[in-house]
């Protein structure tokens, strides 16, 4: 739902994206919109003439176009890379969630905790013993910052984030609503009568520039730390089990599950619902399609897919052939009959 | 666990379901129960004589039966459709979660927000700038209603719902505990050094009569809106990525994942853990079995299953044949041997 | 992240695990650590000489070793079972999350609710009508204990747990952050125009010694109860639909989904992302690998895997052969050609 966005003139936006304003420089733009939107106050982008033509048929207010685009009747901003420029425009229209400086009177901060003067602590936040909240941190309402947790500079925690105990979050991180770090790892031993809990006394270390989606769970280690390196991006509802290590700049889409003590390298990409088994080690620069299942160690950089994950091209071929199994059985039966006839001399 | 239900007499219930009371009209019924429950204060239903016979062997208090059922020794209510009538009985025993009219003294409502006098705002709720809460809305404890969010008439938000920013929820919706709408969409571009965030400035629009299960996540659009149309029903832990459009009356079971910019038609049904890939478009009246994976556009109404999803009957045939692969290889080896022998003239 | 652990001497730990102290009895140990950690204040374990040799090459402070281990230059504690002893050491270093006795002044407890004097109720907890909180229960901040819920002795609820209504939790349970019990079951009937809600008026009964991971959802029954028996262990984000029964001591890893009215036996084990279909009945002592899908009733104890789940050895064979489908088609084509040649007499 469209909010009370700030507005920009066409000329302002051209300056922001470093482009050339071609049209009415004082034209007011209220919001970036998807291609094809009929919005006289909107701006969108077109990477080629086909998309531009489509945009010109709408009442869109302005279009970001490649420098070489012929003159058109619409307001345009000419840029080297319209998609990139649109990202900058999106940034210009970003509206921060409301926060106030200081500690909200309803927030409960333990006397042993340290909160920077420049931090913003929202309503009904609870901060427990020995927690440490660095400069410019924003903690939104209803978050729980447990015993001995550390939140690094310029990190934002959306409402309802829970850091249970012994969690270290780096700088410039974004933890979306409902992230939980520090739930006990899932460790039990069957003793013949019941599942005996293996105590979980480790922590979680999250690097800098990490973004974590809603309801993603990162369990505390049995001992030592579960580790999320710098620049990692998790979508919603990702499961990171105890003792896992995730390498820098790895990206995981929603509902991915990484089992206990697995190690994932740097710059990996996991499609939604993919999963890695216990104690598996994955190298750098691996790309796994959605719902891939990885049972064993893999370290040759490339694209993979399937259960178990195999090189993407092989997986696609196998998947296509699977649906031809009925035909295959039919051809086999036919061959068996022909051979029987040949043997019988018929 | 059985609560402090209100009670009804057999006659009351007969009137409520529009049926004929055959038994002690003043008999007190305390709760609807599953078939087979040994509960003299319970009522259940039987759609045919077999189920009725089973019910008669228990100490059940009363049974909803088809009109034509022969006389029995139990209390019965004769109705045209016992299953439907049982649904009405369930409704009669529904016990609302406790709410009080007005704004709880601990709720924090921004001065710029509007809250209807007939709304109920629970303990520790936070309502941010420019939010708008319509008539008869019930917001249970610990919910967070963010900047510029709108909650339509007669909608209920269970505890711990989070509407981050720029979210519009329609009328008569039910958002169960922990629903999050408005988390940033998962958009990044690899710039050679790190994953650069694509700002997400859009909103979410949820229609009327939508019901959403616990911990389901609906991400805000990159720009424009992620859209959930009227009458949609989501189970728990469904993932709806940014820019997705879900058509009216579509139903998704738990743990389904819909990837970014996908479009789903009206009256679709998705079994648990099913998934739709990025930018895919699905037509109306499509039914996908649990854990189906949809990679490409599909629009022929029907039942589908599998990864990739194919017509249900084909998927079932393929699945059965997969488990015969060892046999298939054996038959193939046998054929190869026979042919070699034939060629050798042996 | 390492917390402010309590410390133990080597001799203390030897006493705790019932082992023999071989080294400096007053040596101070600050934390258990994973094998291979270079930590002079750490203790780890080695089950055999190979692991011991690796540990000896680090600066580890002490190692738990088998009784028969030859003398080494490190501090060791000799025990019958080093792995088991390490579990005891983990327990010794467990640091409870901070709680205070009594009801926090910000907690809101309905006058009709009962809270034991020995219970600990944290900040911003809401306890509704007729709830009953037994002795030594710990409820951490932001939990919501709904109408007519019961929490048994010595149970702990981490922050942000929600018990919606009519939920009974047994003794000595651990509900991690964000568990929701009591969301309406997902029941609708298509009436030709829209999905009509089937009211859900049942409850949830959770036995003793149950541990439930973050964001696991257990839906209330349509009528009667959804039942989780004693000793069950759920990891994070498990979905338990309405009317499900889970037998004692069953274990489910993260992201498992159990569909409505399914019945699961005792001592089952489910790998991550596994799923059971509606109304399916599963016997005792069944083990299902990760992402298994169970469509029909199964009751022969054993290990299973796949979609549909078949005996593990068969599933592994089939999975291996699937990736040989391209080869299979090639061999088939080759045979067809040879037979055609034989028939043509070439």
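Every chain is named by a letter (A, B and C) in the order it is written, and numbering of its residues begins at 1.
Everything that follows uses one rule, which is that contacts are C-beta pairs under 8 Å (C-beta built on N, C-alpha and C of every residue); 3 or more make two chains touch, one makes a residue touch a chain.
Everything numeric here is computed off the predicted structure, so don't read it as measured data.
Participant: Going by the touch rule set out above, what shape does the chain contact graph take here: line, ring, star, complete or other?
Facilitator: Topology of touching chains reads as complete, every chain touching all others.
Participant: Would you kindly state whether over half or under half of the residue numbers at the chain A/chain B interface are used by both copies, giving same or different?
Facilitator: Mostly different residues: under half of the interface numbers shared.
Participant: At what distance in angstrom does the C-alpha mean of chain B lie from that of chain A?
Facilitator: Chain A and chain B have C-alpha centres separated by 25 Å.
Participant: When you check chain A against every other chain, which residues touch at least two of them?
Facilitator: As it turns out, chain A has residues touching two or more other chains at 124, 142, 160, 178, 215, 237, 255, 273, 322, 328, 332, 335, 339, 342.
Participant: Within the complex, which stretch of chain C touches chain B?
Facilitator: Against chain B, chain C makes touches at 108, 110, 124, 126, 128-130, 142, 144, 146-150, 160, 162, 164-168, 178, 180, 183-184, 186, 188-189, 194-201, 203-205, 215, 217, 219, 221-225, 237, 239, 241, 243, 255, 257, 259, 273, 275, 277, 293, 307-308, 310, 314, 317-318, 321-322, 324, 328, 331-332, 335, 338-339, 342.
Participant: Across the complex, what residues on chain C touch chain A?
Facilitator: 1-5, 31-34, 37, 87, 90-91, 93-95, 97-98, 106, 122-124, 140-142, 158-160, 174, 176-178, 209, 211, 213-215, 231, 233, 235-237, 249, 251, 253-255, 272-273, 290-291, 319, 322-323, 325-326, 328-329, 332, 335-336, 339, 342-343
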